[in-house]
Amino acid sequence: MKSKLRISHHTLRLSVIAATLVLSTTMSTSANAADNGKYRIGVVTFLSGAAAGPFGVPAANSARLIVEALNNGKVPAPYAKKGINGLEIEMVLLDENGGATKQTEEFRNLVQRQKVDAVIGYISSGDCLAIAPAAEELGVPTIFFDCGTSKVFEVVKNPKFLFRTGLDAVVDNIAAARYVAETRPNIKTIAGIEQNYSWGQESWADFSQAFGRIKPEIKVVSEQWPKLGQGQYGAEISALSVANPDLIHSSFWGGDMEALMLQGGARGLFDKKTVVLTGGETGMEHFKGQVANGTILGGRGPFGAFSPKNALNDWFRPAFVAQFKESPTYPAYKMAQAILGLKSAAEKSAKPGVMPSTDQVIQGLAGLSYEAPSGTVKMARSNGHQAVQSISFGEYQFDAKSGKATLSNVKTYAGECVMPPDGTVNADWIKAGFPGAKCN
Amino acid sequence: MTTLIAILIDGAIYASWLFLVAAGMTIIYGVMRVLNMAHGSFYAIGAYSAASLVSWYFSSDQGNPYWSLLILPACAIVAGAIIGLFIEQGLLRFLHGRDEILMVIVTYALMLILEDATKLIWGVNPYFAYQPYKLLGQTGFGEHLRFANYDLMLIGIAIVIGLVAWAALNRTNKGRLLRAVIHDREIAIAMGVNVNAMFAATFVIGAILGALAGALTAPAISVSPGIGVEVIVLAFAVIVIGGLGSIGGAAAGALLVGLARSFAVHIAPEIELFVIYGVMFLVLAIRPQGLFGQTLARRI
Amino acid sequence: MLFAKLSASATTPALLLMAAIFAASAWVMPAWLAFLLTLAFSKALVVLGVVIQMRAGLVSFGQALFYCVGGYGVGLASQYLGVSDAFALLALGTLAAIVLALICGWLLTRYRDIFYAMLTLALSMILYGILVKSSALGSTDGFNVSPPSFLGWVPEGDAIKRTLYLLTVGVSAIVALGFHSFMVSGLGRVTEAVRENEIRVEYLGLSPQRMLFANYVLAAGLSALGGGLTAMASGHIDPDMAFWTTSGEFVFIAILGGTGHVAAPFIGAIVFSVIRTFAIQEAPNTWQMTLGVILLALVLFLPKGLWSLVERSKKREASA
Amino acid sequence: MSSILETRGLTRTFGAVVAAKELNVNILKGEVVGVIGSNGAGKTTFINMVTGYLPPSSGDILFDGKSVLGRKSRDITRMGMARSFQVAQLFPKLTVMENALVALVAAEGTQPSFLRRLDTPKRRDRADAIFAEFGVSRYRDALVSTVPQGVRKLVDIAMALVSRPRMLLLDEPTSGVSSEEKFALMDTVMAVVRQHGVTVLFVEHDMEIVARYVSRIMAFYSGEIIADGPPRSVLGNAKVQEFVVGHHLNVNAVLGATL
């Protein structure tokens, strides 16, 4: 009798625990799930970890700025209309840190629990690859504003809900190769120092192959693969010094890049050598002359210091500087153009004041060509889901007196010149000698 | 030839850095039997405080730049002492003599907390204190190979710290007491040694060493989130190789790993990722207690 | 102990009931919750692996090794061997892990305490390094796992995730029942004895090392199951699965739930996922700190984990 | 009578310290041998060596005529030589019953299964029988960490006997036991071992205990056996009285007490 009683209690207790857990989750979320007539955008970017400083936080700041300005109708034409289609925008900000599995979980929470109308975000290629199928499965407009991997639209063959408003990494390196070939004709030996993970490995593969295709006579004298976030490059710098190449290519980003330039500079690694940093633009503010003048910097597109002069940029740049006390780097521009893309897509067909439907958004955005602080963005690849934009490279110039850093000898390459056409694998396109590339 | 020189010097520099990072951790373990997962956070805090103060010192450009070389250790000592004392007195004091694994978990929790705490204090944007690194100029070996004297200075500092620690443990009365505690806590207590005070002192010293490693590294890097987490596993590997709790072991482990790594970077960059764990594995497979660790069989 | 005997009779029906409840709710609960639970249960299986070792007095800071092997086993099998059946995939992933465990086990079981923790960590980090270096497998990006079929049946749309959820619940239930009987089995109790006093076990004529070895292999298998289910559910695998902080998370959950009962890791895993989801949502900038504080509080005030709350109330009943 | 345990020139050194020096011991089946000697005389070292816990520096150990040199303690246990410990070696966080069950499953000679329960009625009954023999039945469900020293010593010895050994080595069975309990404890133990016809060698400080139960005494001093023989002659031995017993001992009084 007594034992029976115990059993039932025991069973009960287990069930109660589980039940309360399940309930608590559902309850606590019902508030969020409530439809409040606002247009909810989930924004996912690095708020912690090494990628937060150089990428995540500028992007998040840019998102805050743009959303607030849109809600107050402060953005100049053609975006003067309040919010999105007249509806106030509500932003749900999440940290991208913590790995792809966790991100898929959080993505589903965003869509299914928080009921966001669209998701904008993702810097890490791994996260993008993991999210891409989920976006298609859940059928929510999802815009990758950054992630450099070229595999996104290999994973999702014919996308419906998935878009990328930024360029992928192969573009950086093909453009870099062209720029170096044009501006440094007598380079014979090259070396690469890359972070030992996908980004670094792909960047070096693309650059060395592209440059080799353009100038077959060049020789690779050293490849260095320090681990991501290592911060100390003593041995690598020595190895590069001993190899003594004419050109050093690096796809380093953030703290690693700045540390490398600092340590290499102090050890004279870069004297009488050309350095090309495909993501160097984020460092312009910090280098403060730590980097030799003439170092070749890329901005992953017409962003940051490479951004053109237009009405939107004349508003965006000063507004950003005023609010965050630093000039916007490329992640900020990319975030801005992702949000503006969403807005123009939603407003293309929806009746003013009405909540735009998912179909209206995705149909509006596919193949759309719209204005952004970085100039015109053409959604022209992967059946109108991948943006085509020009990309620029230039040389770093630091004026010690004014303490200002500028870019000289800037060259811009049209997307058609450096982007592999749809359906071709980057490596093959490069090996084949960039067939069908339209360069002016 | 140049490569050989490079391997040796790079190895030595990296080894001294590893030793600076690992020394504090191994001392804390040796005395308190606490494998401090939060050590990386001490490193980060040291780096941040040094970087922010040095860059402030130079931005308000008055005074002799060489003072910055003194600011670095000063920051480390202050920051390390504060955080160390705070954690020891506020938390660990109540956990003395608890299970080693439990302490690993406690310090793991501390690491999670401190990671965000540093972020709240210093934000996510990088800090730079490059001036001291440039200050001392460079030394050339052969035609192209040049080293920053600042890095060479690190070798000296590591040696000095190692010697001081050794002398303090073997040549002073306090040190002898400490070794008594390390050797047999019960007897030490019976002898009337104030173990709690010893622990507090040890933890603070360990924290200061951790912060010092960070502060001395700060000028060469961009101080940004995550630098702390990176060093923990490295430091673990080094002191496990050397034998937990042994200063000499930490030195030997650091030298072994340092040379192995720089050899890999110069000869076979591809395997750089595994070298450290490879070494750790070999050593432990042959000598389970590490190079300088001693095994004590249980009396029955 | 008394408690074990008591729950022996009570737990089996309780577990079955819980499994039934969770399975039934698959059609009523929101999709995101089903997904959260799928991942939580999969995690719980990995954590069971950690718990088994904890019961033998060993803490593995590298259980992510087998989590990752299980995941990659599934991923590679479906990618390169063209296997699509969920059960076959799980079997392959688990088998791979067990083979690996047989190799690593003989080395690891010579070590105890910190050395064991550190060596398990080192092993998982070596796998991490290897995966990062193999760009054929997508390096740090990893690659995607296409949704599996179930004994020839290929579900569509929502059915995919729901079936995976049911599969996870089913596997978890079976494992839970098995684990519960393991806890009171000869080996199960002897490993506890090993934790308590190896010398005595040796003098009783048994090899502690052999017990720990068997234990280790078992743990590897369970963790691989969890990894495989995670891979199928999240549809993506990458080397982070083997990174040491992932192992740290598993230890965290083991502590959170406690080692006193088979249900503990499952409760721990669910609570952890819920806490983290809301920590990330409410405090996107300080969620790690939140987790740290909770872990600290647990170790200090609830050292036997959430389960000890249940245990306590059971004690009260027993005395009543 | 044939010998069951024999050592030849058994020597063990720790650095400069010689813990056991050229020990030549021969113990016959059915004997009850007492080992006396001051602390550090090498008594426990001797037991640790013959049970394979401590490898000798040199010399040989024969159990039943077979050398056990280099064998693991568990193999020696399985061969039929069991031991108890100065400080009871038990599983503190398990109950007395669970301790016994573990010992029983180990004694079955097969590896414990991860499917079949440890706690079977059959094993329980055997355990209960053993508890009855040792008179600890009322502690069966108590955690070992909570039972009194004397009980722990008994359980410790009971665990050693579960495997039905032919020889039992008792390392200070009465140490840590109050002087009132000592004789009761020894009576219980000796009753059991006599019943099973086990050869016994036990280390003991208390001369009255030794004199009462043994047929033969070996006196250790700084790693050597300085006397070996019947109680009267050994305890009467001047060297033994000087080095081992410490004070001038009235042999008749001690032996008388045992009559």
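Chains here go by letter, A, B, C and D, matching the order in which they are written, and residues are numbered from 1 within each.
Definition applied: a contact is a pair of C-beta atoms (placed from the backbone, for glycine too) under 8 Å apart; a residue touches a chain by one contact, two chains touch by 3 or more.
Predicted model only: the values in this text are computed from it and were never measured.
With centres computed from Cα atoms alone, the innermost chain of the structure is C.
Of all chains, the one whose CA centroid is most distant from that of chain B is D. Note: centroid distance chain C to chain D, computed from Cα atoms, is 44 Å.
A separation of 35 Å divides the Cα centre of chain A from that of chain B. Chain D has its Cα centroid 50 Å from the Cα centroid of chain B. With centres taken as mean Cα positions, chain C sits 33 Å from chain B.
Chain B has residues 115-116, 119, 270, 273, 300 in contact with two or more other chains. Among the residues of chain C, those in touch with two or more other chains are 132-133, 199, 285, 287-288.
With touch defined as above, residues shared between interfaces to two or more other chains in chain A number as follows: 47-48, 196. On chain B, the positions that touch chain A within their shared complex are 2-3, 6-7, 9-11, 13-14, 17, 115-116, 119, 124-126, 128, 130, 133-134, 138, 143-148, 150-151, 217, 220-227, 230, 261-262, 265-266, 269-270, 272-273.
Here chain C touches chain D in the complex through residues 1-2, 5, 181-182, 184-190, 192-193, 196-197, 199-207, 210-211, 214, 218, going by the rule given at the top.
Considering their complex, residues 3, 5-7, 9-11, 13-15, 17-19, 21-22, 24-26, 28, 47-48, 92-95, 98-102, 104-106, 108-109, 111-114, 125-126, 129-130, 132-134, 149, 151, 155, 196-199, 201-202, 205, 228 of chain A touch chain C. Contact residues of chain B toward chain C in the complex are 35, 91, 94, 100-102, 104-106, 108-113, 115-117, 119-120, 229, 233, 236-237, 240, 244, 270, 273-274, 277-278, 280-281, 284-285, 288-289, 298, 300.
Those residues of chain D that touch chain C in the complex are listed here as 51, 53, 72-75, 77-78, 82-83, 89-95, 98-99, 101-103, 105-107, 109, 111-119, 141, 143, 159-160, 162-163.
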